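Two complexes come next, and they have one chain in common, chain A, joined by chain B in the first and chain C in the second.
Now for the complex of A and B:
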């Protein structure tokens, strides 16, 4: 789902950069308080897991393929700000090492997946947790994946409208919303379901080990 | 009172045309034959096939799949309009013939938001001097390298924290 360089216009990624920079700064500012020395190696491992999850392509029905995001797990275990920052690091490395995404597209990808994905998962989980914790994890991650995919589809589908050549042809991404919304959202129904199930497994393990302070406090 | 009119004598079927008419028709036919072919066939799309050198770009995803029939466009150096646009062929390739040296860009966009913008450096003789990003190192090696970088970044943060704890800023 990473948007690569060259597909989105400066009218899109420059405002996204303006929004993302203060959010990165704010997230970095609170990192020392939110992640102690003991939790730092754990954050490293979870971030590496998110990197792997979002790098491996999975075959999907219909002959296409896609990859998980992995930010939901980070958000549920470490909180949305830490997840946003850690996932930005994942996106930077994917752009530089894997050739997925890109540096100009980084703010858009970071906001769509790292910020919106993390906050959606976090808020929905805490909203649904009184009903049933496992269901809350599943629903939170599934909806977070879909929300991120929706945002990416909207940003891509916007490009033909806001960036055109002299003859009216699209200068960047050429397909509109009628194409991007089904093309991106439908595969992410499968991806979201798979990622939600995987996140639940790891989240249960993290809860048993008392890696999640709020869950540990509640069940201790 | 009726006005007498001069009626043109009607030619009966099979009667020969007059000489001036025949000469006019023969002249028009001769003129048509003398016209160059391109004008006479003004709406025809003429064509010829030639074997020529071209820049061939091959695409593939990390898992080996290819972006079959996905849209691409080729941008010439310093151009705002596409030099060429089309769809990747059934072999996952596209080709174009640059007409000047410089940095050419090939932009591929799939409907689900994947794609690439690659640069092809074309030299004065039409030779590709740089371009392409990929294949090596392999996907697994890059994945491993990425994990290594990630753990390294967190290791540096841990070291920095430890150092700061031992030597707190005054």
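Now for the complex of A and C:
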């Protein structure tokens, strides 16, 4: 669900940058503390996995693209702050290596997918875990994908309202919420379900391998 | 290009922000022509590389705008040109930057960011190669075309095997390099 460069206005990406910078700083500050020496190579591999998952893109009518995100998996294995930072790196690499997304869109993409996606998955998983761990993973990732997609749709649909020419013509993304909400949310119902299943597969594998310290020994 | 890589990166960032502040299609068209003229003999390859990731999104937005204009009777040509040219100029700038800026050198003053970019970029390449290796191994041992169910099972097995191998490799390399004093983190 990357927003490409050139579709969102400075009125949007500059405030998003103001919000994202302190969050990146906070996340980076605690990185060494949260990820021990032995987990660093694992984090690099999981970040690479998230990159590969989110590289398989399908353009959507809402001006964005559909693909698995992988941030839910990062959040469940490493926690939401580390996931936010790692996913920002994925977005930077995608912008710089593949031309997907973009640098002006980076703060919005990072907040929508990296921050909201990671925190939604993490909080919902811990809320539902007492019910059933597998169900908690599925529900957490599915809802996280939908929340991220909702935020992207809201940001894109806002553009014609806040960035118009003198004659009322759109300067950036031209369609309102009546287009962006269904165009982005409906395909993400399927993408979210697929990503939830994929995340469950990898999460169970990571738990068996004791790559998740909090789950190791308790549910293995 | 005579400038150092950090300067090129900063110039690229400034240009990207500047393009989002321009709302005249004629200026953007001039910028696009200027970029193409000054990007050297491989300009066509650069344009193709820039256009590929944004082509479908631009086609979808443009067709949507045309339908909207047709339904409402409002002129959409200005918005159509503005959005297409802006996205294309930005994509061309990014493609040019990727061709002419060495990120390892450009980020030399931000070692933390450079370190992570290098690590993850290397892991992405390794991961892709592992998946490809496993897929080739699986194909070479498959006589009849697998069903959809078998393909899902096979993909899951390949993905998890590649993940195991990737984690194992990364841990081994890190431990080996650290024990030999090659890492200073």
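As a convention for this text, the second predicted complex is superposed on the first by the 209 of 220 C-alpha atoms of A that agree within 3 Å, B and C clash if a C-alpha of one lies under 4 Å from a C-alpha of the other, contacts with A are read in each partner's own complex, and residues count from 1 in each chain.
Note that a residue touches a chain if its C-beta (ideal position, glycine included) is under 8 Å from a C-beta of that chain, and two chains touch if they have at least 3 such contacts.
It should be emphasised that the depicted structure is a prediction, and the values quoted were computed from it without experimental measurement.
> Using the superposition on chain A, decide if chain B and chain C clash or fit.
clash
> Check whether A:210 is in contact with chain B, with chain C, with both or with neither, and answer first, second, both or neither.
neither
> Please work out whether A:40 is in contact with chain B alone, chain C alone, both, or neither, and reply first, second, both or neither.
Both partners, chain B and chain C.
> Return first, second, both or neither, reflecting whether A:28 touches chain B, chain C, both chains, or no partner chain.
After superposition on chain A, A:28 lies in contact with chain C alone.
> Where does A:19 make contact in the superposed view: on chain B (first), on chain C (second), on both, or on neither?
neither
> Touch check for A:184: first (chain B), second (chain C), both, or neither?
It touches chain B, and chain C stays clear.
> Touch check for A:127: first (chain B), second (chain C), both, or neither?
neither
> For A:161, is the partner it touches chain B (first), chain C (second), both, or none of the two (neither)?
A:161 contacts neither chain B nor chain C.
> Taking the superposition on A as described, I'd like to know which of chain B and chain C A:6 touches: first, second, both or neither.
In the superposition, A:6 contacts both chain B and chain C.
> With the two structures laid over each other on chain A, which partner does A:52 touch: chain B (first), chain C (second), both, or neither?
So A:52 meets both chain B and chain C here.
> To test your reading of the overlay: chain B has the stretches 1-9, 19-27, 91-99 or 109-117, and exactly one clashes with chain C. Name it.
109-117
> For chain A, give the residues common to its interface with chain B and its interface with chain C.
4-7, 40-41, 44, 47-48, 51-52, 59, 64-65, 89-90, 93, 97-99, 165, 167, 169, 171, 173-175, 179
> Any idea which chain C residues touch chain A in the complex?
These residues of chain C touch chain A: 13, 16-17, 19-21, 23, 49-50, 52-54, 56-57, 60-61, 64-65, 68, 75-76, 78-79, 82-83, 86-87, 89-91, 94-95, 97-98, 103, 112, 116-117, 119-121, 123-124, 126-128, 131, 156, 159-160, 163-164, 166-167, 170-171, 173-174.
> Quick check on the complex: what are the chain A residues that touch chain B?
Touch residues, chain A against chain B: 1-7, 32, 37, 40-41, 43-44, 47-48, 51-52, 55-57, 59, 64-66, 89-90, 93-94, 97-99, 152-153, 156, 165-167, 169, 171, 173-175, 179-180, 183-184, 187.
> Which of the residues in chain B come into contact with chain A in the complex?
It comes out as residues 61-63, 65, 71, 73, 80-82, 105, 107, 109, 111-117, 133-134, 139, 142-143, 145-147, 149-151, 153-155, 157-158, 161-162, 165.
> Spell out the residues on chain A that touch chain C in their complex, using ranges where they run on.
Where chain A meets chain C, its residues are 4-7, 9-10, 13, 28, 38, 40-42, 44-45, 47-49, 51-52, 59-61, 63-65, 89-90, 92-93, 95-100, 102-104, 165, 167, 169-175, 179, 201-202, 205, 209, 211.
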